[in-house]
Structure formats: C-alpha cells, structure tokens
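Below, chain A partners chain B and then partners chain C, in two separate complexes.
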Partner chain A sequence: MIVAKPHPIRAIAVPVLTGAALAIWAFPVLWALLTSFKTERDVLAYPPSLIFTPTLANYHDVLFGATSIVPNLWSSVIVAVGATFFTVVFAVPAAYALARLRYPAKRASGFYVLATQMLPPVGLIIPYYLVLQRVGGLDTYFGLILIDLTLTLPFAIWLMVSYFEDVPLEMEEAALLDRAGRFGALWHVILPQVRGGIAVTTIFVFLNTWNEFLFAVVIGGNRVRPVTVAMFNFMSVEQTQWARLAAGATLAMLPVILIGLFAQRHIVKGLTVGAVKGGGRR
Partner chain B sequence: MSADATTRTGRPGNASRGSIRLEGIVKRHGATTVLHDVDLAIEPGEFFVLLGPSGSGKTTTLRILAGLESVSAGSVTMDGEDVTTTPPGERDVAMVFQSYALYPHMSVAANIGFPLRMVKVPAAEVARAVEAVATKVGIQHLLARTPGQLSGGQQQRCALARAIVREPRLFLLDEPLSNLDAKLRLETRLELHSLQRNLGVTTVYVTHDQEEAMTLADRIAVFMDGRIVQVGTPREVFATPQTRAVAGFIGTPPMNLLEGVWQGDTVTVAGHAFPVGAHAAAPRDVTLGVRPGDVRVADGGLPAHVERVEDLGDTAVLSYRAAGALVKQKTDRTVVRDGDDVTLGFAPGSAHLFDRTTGARL
Partner chain C sequence: MSERSFGGRGPRNPGRREILRQGAAMGAAGLVGSSLAGAAFAQADDLGAYKSAKINWRQAEGESITVALIPASYFDILIGLGPQFEALTGIKVRFEKIPPGQIRQKAMLDLSSKTATYATSATDPMYYPLYASNKWVDDLDQYLDDKTLTDAAWFNVDDVIKSWRDSASINGKLYGMPYDGEVTVQVYRKDLYAAKGLKPADTYDEFVSNAKALTDASARTYGVALRGFAGAGQNMYIYPSLFRGFGGTWIEGGKVDVNSKPAVDALAWYVDLLTKYAPPAVRNWNWPDIADAFSQGNIPCYIDASSSATVITNPEKSKVIGKIAYARWPKGPSGKRVTSIWNWGFPINAAASPKQKKAAWLFITWACCAETQIRGSWKYAGAGKRSGVNRLSLVRAPEFATAMQYAGDNFIPAVLESLNQDTDVDWRPRVPQWPAIGDTMATAIQAALVGQKKPKEALDEAQARIQQILKG
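This part shows the complex of A and B:
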C-alpha cells in the first residue's frame, strides 16, 4: 500500500518553486506600488530607499492634475467593455455552430479560426491601419474595438467551442422534442450550462483588451487613448516621470488584479475544463 | 394541448390517436445505407418493440420517428398526417433517452414541466400537471431536487414523467432500462408495462435485450443489418422465427443451428438422422434449428461431449461439442457433468428448418 504522503523533496520543492514564481511575478508589481508613493527624488535615490515618507502627490497628479489619466481610464473602459461585449455576442453563436451543426468544411473553418491566432498582430497592424484610414476609422472607438475583435474573437470562439461540446447532444435533442425549438433549446438548455464558460471568456477578453497596447497606440490618437498608451506619455526624451508612471500603472493594474482575485477560481476551473475535455484540440 | 383533468387521466382521448406508418424508409450516411426500405405499421395504443443487435438500425428508426433524423427516402405518417419533414417539436411525440437527458440546471419539477412551459401553459396548470405525473411515477417527494441529486432509478422516473406530462400521441423509449442495475431493471420493466397500459399511449421501445422485448411488447419488429426481418407477437417471433438470423438471435441462449441434409422425413446431421415433421422429395441443404429447451439427452442420438455446465440454481445451461458445432441445452435437471460423453436428441416436433443459402424458414 502506497501512503499518500508527499515525497520529502516534493514537500520542499513545491513551496520553494511557488514562492520563487510568485516573487518574480510580484516584485515589479510591488516595486511599482512602492514607487507610486515616492517623490521623484526618492525614486532616483541610489541605493533605493525602502524607508521614505510616502506621498499621495503622484496619485493627485495622475487623477486631477494637468496630466490626468482619468479620460484615458474611461477610454480603456469603453474599449474593453465594448470589445468584450461584441466578442461574447459573436463568439457564443459561432462556437455553438462550430460545436454542433454539421455543415461542409466544418473542420476547415474551425482550423481557420485558430490559424488566425498564429499570425503575429504586428504583421497585421499596417494593413489594418491603411484600411481604417480609408474608411475613417482611425482614432475612433469603432475602429479600435473592431481591430481588437480580430484578436479576441478567434480566442473566445476556440474557448467556447469546448464548453458547448461538453453539453451532451441528447440534451439538446430532448429540448427539441420538448417543443423548445432550436432557439429555445439554446436559450433554456444549452446556454445555462455553458454560463461558466461565458464568464471565463468574458473575463479573459476583458483583461486582454484592457491590457492591449499595440493596436491602441497605432489605431488610437488624441480622442481614443487608452490608459496603456497614456502611460507611455510619462516617458519622454528629456525625462521619465517614474513616480507618476508608477501611480498610473497602479491605477491601471487595479481592475485587472481585482478581477483576477475575484474570479481566479472560475478561471482556473474554466481553463482546465476546456483543456481536459477538449483534449487534443490544441 | 388540452390540460383538463379528464383527458389527462382518462383513456378515451388516446384510443384513436397514435397510428403510425413508416413506408419505404431508406437512410444513408454518405456511402453506407443504414436502413433499407423499412415498412412498419403501428396501431393506436400498441406497445411496439424494435429489437435487434447494435448497429441493426433500430435506434435510427426511432430517431426518424422522433424527427431527429431526416430520411433519404420514404415517408412517416402519424394519424394520417404526413410528418416526414415535420420538426421534432411539432410531431406531438415524447421521448425518453438512454442517458435520460435531464436538464441538470433545473429542478425535477422544472424538468417535468418544461414541455408544458415551452407551449405557454399557465404556471398554475403546469404545477398541477407536474404534481400529478410525479405522483404517478412515485417521485413527488423529490420535486425540489436537481437531477444530480437523484439516483439512477429516480432519474429514469423523472425522464419518464417529463415524457408523459404532455400526453403525446406517441412515446419513444430508447433503451430506457439499460442504465439500471439488474434488480431495478426488472421492477421498472413491470411498472413501465402497467404505466403504458394505464395511459394507453402508443409506445415504440428500442432494446437489444430480447427478454425485455418478450415481456413488454404487444408486437416486436426484429431488425438485422438495417432491415426488418420479422414482425409479430413475442410468441410468434419465438415460436416461428422467419429466418435463421432471427432464430439465432431470439432466446436465452438462442436457438442451436446445425448444418444438415434434409431428405424424406429426416434431416441428417453428421451422419445421424433426426426425424422432422415435414417431407422433402429431393435432398436439400438445410440448417436445423432446435431451441436449447428442446434438447434432450437421449440414447441413440447425436454423439456429444460436455464442455461446460453453467448452473443457474433452478436451471442449468449445458454446452456440448457436437457435429463440429456448439450445442446448448437448457434444463432443470442436470444429469451430466463436465467431460461426459453423451448422445443428444430433441423433443418431437420442435425442429425448425431453414434454407442453408437464403436462411429463410422452410
């Protein structure tokens, strides 16, 4: 009989490795947090001082000063919420169709969805720019959300397909026989069972679009300038305002970290369900 | 959908409903043909069983009745109305799936009431109907639970209740007992039978278990390789199998089949002549069929070697090696033991003869 006690090496290695990984991840975050409470002079002090008089001046500046990032935070909210909304609205029926309906070239279209993810976005940005310029979509929310969709939609569809495939076909057939109709079957029987997947997809897409920088800096402009781009402006040729940058970064990270904390259990569960049940999909 | 109490419980409304016709049904999946020209007529109120080995086309036929599969050719008629292309929800047909297909996110009550809510039956009426059918199948105390909190047997009842709540003209049951353990299966089989009798709803029941078919059915259609090879009452199918394949499928264990030559009043198997009740003028290659229950240990019969004795308590199944084939005997008295050498005969008038090449009954 093998006793289910962790091997001594394992008992030590797991916390050490987890701790190391956590430290690597947490260090820049904590450093930014510390820096955001320092004056510019303290920031540049060498060796770096861990003991200093904290100040809220940086937060005051980035919130209410001449270089306020509040409009940019708004901009980010509009882009992230808009892109997330349209991604989910389009991805759910698309994934359902890919998972269920039998039609010619189903495999090919499924692969196509995934293949679009394999193109590096940087290679697409120039054609996107030119197309949007032609239709007057530069520096508009419409333009940036549309381009974000090209990135988020394939991923969201791919993620949702495995959730739909987990719902037994017989359940849908039962709903059809129970007079729900195809739409009713989707609404009353299928969607309630994939709501965990929809939640995970929503969170992922929101985080991705909130963090998105490349498209925002190219497609955006003076009117549409998400916070990721705005922070870039704290760095200039003459000097970099590290403390304000850190305050801005902390504010920008806040929703991401909060969502992560609240949803982490869902996310982990959601991803492993998708990964295990949708085996071999990758 | 009428929801008044008299049609819900009474039979008059059902007596004339539920006449089903399948004519010339062909079903192809790409290059393979799953159903070849299937014809079937099911009478109102009948308990009709589709029996056959897996892959014989019985489930496909059921799904065609449900409207879940399209047909490549042929027509489906219900109560004189052509429903060949009618969607499942508009056929007035209810189905119990092998997996039960209960909706896991809904309570038992919501599951049972679902088919009524989908056609906008008022909530109070739905609640009354749900209560009534739940009582009928004995799960009225479980209405607030979700399917995940039910045992297999209770889930099965829930699925049954969801099917009967709407008083359809046709019930379709796809191996509904196969997920239950042996004891529960026998109990449920009896209950299912009396439930169907009480409701009087035409029922089509798919199974590969011929004991289920024999005990439940008014009539059986035996499926083999995408064709219906025989339709009849359980007794007819058992007593006069129309083909060698049906003979080899029906019965536990199924009929013994021995190659022989029929001439005059006897069939000669491995040099031993058995008297049969029919006469052939010219010698003819046949397959001789004998039910295991009709096999006897008799002097001067076919030499046989006992290979195996399976004692079931009240009966025993004996396996013999005889004439190069495996012969089974079902008996309530075990007079032989493993390794014995005996000679076998069979009860007079119990021989079935089939053409060796076509397999047709002679």
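This part shows the complex of A and C:
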C-alpha cells in the first residue's frame, strides 16, 4: 500500500503561507515587545535597529515609577472580573429562557436584547453619563461595571443561546420526567452540558471589558482608571513615549495572552459552535 | 485631535525625577493625592512671595477641588508644585490627567450636564466661544474685580500675554486665564544652512527656495516638514497662518469665506511645498513625528511650536543639540507674519458651588501668578524648564534667557517678536461651531495635500459645508 505523500509544492507552500500569515499577525505584538526593551533613542533610530542593548528601565518606570500603571492594572482587574461575573450570572438564565421557555413576546424580547448593540457606543455615552451622574455612579466601579454590562450582556446572551439550543431537548425532558423541576434540570443536566459555552462567554467578556476604553475614559476618573486609559497618557501632547507605552501595553497584554493560551481550546470551540447544529430552536 | 504642541520632556526626564526626589509625589494613575501635601519641597516653606498678596489665601480652607489636565510636562510641573498650593490655602486639589483627545469631550459633558466634577480644567482657546455662549463658564472679570479675591497690583493681569488673554476672551470678557502657551516659529539647523550659505527665510518665497536648496529627492533628503496630518490641530494648525499670511479672512460680516483667492493660493502653496520638498510620509505626520525627525537629523527645518525646543534638545534622544536656531514665521504675500495663539487656560465651571468657585479662583491665581510661573521655569530644579511662561515680563527676564539657552540660538528674540508682533487673534475662526469647522477644513486640506482634489475644488466644498454648519 502506498501512503500518499503530500505534493512537494504543498509541503512547502502550507508552512510558508501559514508562517507568513502568522508573522503578519504577530508582528505588531513582537514589535511592541521589542520596543518595550529599547531606549527612546533606539526607538527612533532609522533604519530601525534590531540589535540594541536591551533595557529594563521602561518596565521599571511603568511598574514603580511616577507613572506606575500597577493601580490601573488593579482597576482593570476589578472592572473586568466584576463585569464578567455579573454578565455570566445574568446571561446564563436569560439565554436559557430565550432558548427553551415559551412566553409572550419571546421573539421581540430576544430582539430587544440587542438594542444597545444597534448603535455605536459613542452614541450612548451621553445618556449613560447623565443617568450615572443622577445616581452618583460616575467614577465608581459600580457605574463602570453597570455600563460595561450593557455592552457585554447582549453578546453573552446570544452566544449562550446557541449553546443551550445545542443541548438535546430529550435530555431536559428526561430530567423533567424524573421530577427534577425546571431549576433542577437546568442545574444538574443542562449547565454541565454548556460548561464549554460558559467558559467561552467568560473569556470573551473578560477580554472585551479588559480592553474597553471609551466608557472607561468617560465614566471613570481618578478612582476608577483602567489600564487602557492610563496607557493613553504615555502619549502626551508633546511627544509619545513609545518605549514606555510599549512596556505598559506588554504588561496589559499579559493577562489576556495568558488567559488566551489557557482557554484556547474553549475559544476555538466557541467560534465553531453553531456552524453545524444538532438541536434547533423549538 | 489635541493640538497643543511639544513642550517639555516626558515624565522620564531628569526634571520629573528631580521632582520625585524632592518628594512631590505623583499618584500612580496620574493623580496626585492631596494627602501628600506634607511632602517636603525645597521651596515649600517659602510661601512669602505669595503671602505678600493682599488677599486671604485661606478663605476657602477645607474645600477640595478637582482639576482636569492633559499629560504634558508643563502640567506635570504644576502638579509637582501642587503641595505648595495646599500648604498656602488649605484647599485640597486633585489633579486628573485625561488624554488630550478626550479632555474636551469630558469637560463638555461635565459643563453641559452641570455635574461640576471639575472646578476648572485645562482649556483650549478655541472652545471659549462655545462655553461662553452656553454660559457654562464664568466671566473672570468678576473675580479679578473682587478685592477680597484678587490683589490686582500683585497679580497684575495686564502682564499676562495679551494675545493669549484675547484668545480666551469673548466680546472683551475674559473666560479663561492662560497658564502656558507657545508661538509658531521656524526651527532650523544652523550648520546645514551655513554649509549652503542660507539664511532663515524672511518671506514665503525664501522659505521655498531654502527648502529647495536642501532637498535632494534622489538621495531621499528633504528640506522641510510641516504638519501634514488631517485634524483641527494638525494641518489646521499650520494652514490658518498661511491663510492669514496670504491675506484671507475667515468670517467677514457674518459670512464665511474659505474659498477666496488668498485661501486657494495659501493651500496651493502648502500643497506644493510639501509635495516637492518634504518627506512623502509628512502627510501622516503629527507634530511629535516632525520633532523626532528633526532631532534625529532627518530634516533641516520645520515651522512649528516654540515649545518643541525642549523635545529637540532632549539629551535622551536628540542628535542635533548645539546645531539649532530659531526665527519668526516668514512674511506672507500680504506682508503679515502670522503665528498661532495656542495656549492652555483655566476657566471656572459656572455650575460649581460658590465656595468651589472661590477655591478654583485661588487655584487659578496661584497657577498663573508670576511666582508659580517662575517656579516652573527658571527656578525649576530639573531639565525641561517651562518655555511657555504666560507673562511678557518673564519672557523678557534675563533669568529666562539663561534658562532657555539650552534651546539654541535666537530662541528668545524669535519668541518675543512673535508674541509682540505676529500673534493674530483671528488666526482661526473663533465661533462656537469651531470644532465642526476645524474638522471640515482639515478634511479639505488633507484632500488637497494627498492630491485627491485641487485646492480650489477642496475649498469650494468646504465653503459649502461650513455655510451649512453656521446656519444649522
């Protein structure tokens, strides 16, 4: 029996093309990483120098210096974790209801969930600002997390709906027949089935809130100041401190990359879900 | 969109470190906690210069105010001096640094919704028409005239650079007190000019011929750079000077006029200069890119903010220290030299409580008085001493000349003459609709610069659009 060898062109082309695509994707990240170890003078060198004496001064500065971003990283953690937690807590039951329950105006409410996604966030920022001002929510974690929820919830609900729909109806019916009750069935039978979906939702929501800038800069202030906003201040009106900006960006990327690597399997699964569906909306 | 140019060195410079060493601590998030008021400053005990003012500095004691600033070395210096203000007045001040592109948005939200989060905030002169017409900010004359709040002889408001005050005034009423500013000047490499036997340009024509002499496109060397990027604070920072230099008037008898002959000639000149004698990428260059290119020795001349001096002489990056000289804007065909009137001032938020306003005014008085300006300039211990002091007497002071020696040749005369003779309050159209007009013009200029449209065509469209904006 002859084992088909890949065509020689294919054997070369696939890794080359993959490599090229990867390089395009990785270039900005690697460039930022390189820049973060350069002095300002090396950053400006033209043509750009690939060989230079690396310095840790930028990291020292953004961690311990006058413009330390550590409190901002902490601020980002609170906002991202808080928003993610509440998103999941609200999105899971809401998505379940949309996927499984029968109630009046279900279609309309499913559609309405997406209402805030239908116009650009910048169009919502003024009403949000005014409302938060009335309730004393400006520059508070409560306020920013609440506003972030308006962004993340619709997305999370719609993502979760597709997972719930994938769970065979028979499983739930079996649980109901065994007198588990709606909540019992949800808790013991359905949720374990959509664990992967919850993981994906959590990760996506975390990434979105971690990287969020617009609401953070407007709703936040001195107390609540996520790292995305603090980093922006390395671009002063006089000059951009590229090296420090790159060091800050690298630090801010770390949690995202770590979570990404850790959760890669789930993310890929999340992206393909719905492509081929077993169940269907009833 | 931010348009205040250059200025001092970044937070990394020795100056900032110096401040830190001296203990004026900066809170991590760009916030300076008032709890740090006790930090020992070399001059902290020496509040005598302030106490000679015949006002009660402690009349708003116990109040606390928030001041919005942009990240800039001249504001970092002010933040560093903050503990002295707290020691002097007993007022707690929280500084909030907001990215330059967002400060207007935040300030406008705060002012229009009357939240009064910021008692005062760093404000661009082009915004006063909008603020004043909505009564969002107080007319400052009432504070200046109140003897319990202002010792007129001590504060001497007339010493604050007049064109900057004019830029912050509407119908003769002052709405913001200028804190730091700049003029636009020619910056050139005296060694390269000398090698070719060139002098700094006195007219636009000479400016072009200088640029031509220094350009060798085949060797990728270019003679000049001007802001080419689209934006109200980018190409609409340079173009207004050309527009006025060619004899244009923005608004005449309530009618906008941006496609007149002078307007078209000015744009054609701008397009021609950048196309022939500037690096091709200049259409995407922001002012820091220009200063960086100059500091790396890649361009021999540019016209931009005087405050860029501190960037191009930054020993951390510059390769051209000792080779720099300055001159005024060249003269346009109309005979006028027109420099920008850029400055950052402090207004008072009309929605603040009376006590907050009092505290804000004391803060403004302190920040803009001669003594604090001096402490941020020649008395400032670090490098990056402020070049944008707000008073003519200070620009003229011999101490300032000594402090500014690092900038290069002819810096003070060029700045002083520009301030005295070349500043033009009507450099840009000062109307509440400015932001939209600025963007419209910027887009038109960009279209011409990249060759998408002919200057006349681009400006005709801008004219039509701006007429609509003014009507609306």
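Just so we're on the same page, the second predicted complex is superposed on the first by the 252 of 282 C-alpha atoms of A that agree within 3 Å, B and C clash if a C-alpha of one lies under 4 Å from a C-alpha of the other, contacts with A are read in each partner's own complex, and residues count from 1 in each chain.
One rule holds in what follows: contacts are C-beta pairs under 8 Å (C-beta built on N, C-alpha and C of every residue); 3 or more make two chains touch, one makes a residue touch a chain.
Small disclaimer: the values here were computed from a predicted structure and weren't measured.
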Next on the checklist: After the alignment on chain A, I want to confirm one thing: do chain B and chain C clash, or do they fit together?
Outcome noted: fit
Next on the checklist: Per the contact definition in the header, classify A:171: touching chain B only (first), chain C only (second), both, or neither.
Outcome noted: first
Checklist entry - Which holds for A:222: it touches chain B only (first), chain C only (second), both, or neither? => result second
Checklist entry - Touching A:67, do we find chain B (first), chain C (second), both, or neither? => result second
Next on the checklist: Contacts for A:53 in the overlay, against chain B (first) and chain C (second): which applies, first, second, both or neither?
Outcome noted: neither
Item to check | Partner chain in contact with A:233 - chain B first, chain C second, else both or neither | outcome: second
Item to check | chain C versus chain B - closest C-alpha approach in the superposed model, Å | outcome: 48
Item to check | Set intersection of chain A contacts, chain C complex versus chain B complex | outcome: none
Item to check | Complex contacts: residues of chain C adjacent to chain A | outcome: 2-12, 16-17, 20, 26-31, 66, 70-73, 94, 96-100, 102, 105-106, 109, 113, 115, 117, 288, 291-292, 295-296, 298, 307-308, 310-311, 316-317
Item to check | Footprint of chain B on chain A - complex, ascending | outcome: 168, 170-171, 173-181, 184, 188-189, 192-193
Item to check | Residue ranges of chain A in contact with chain C within the complex | outcome: 39-41, 44-46, 61, 65-72, 75, 126, 129-130, 133, 138-139, 217-218, 221-222, 225, 229-230, 232-241, 244
Checklist entry - Which bits of chain B are touching chain A when the two form their complex? => result 66-68, 87-90, 93-95, 97-99, 101-105, 114-115, 118-119, 162
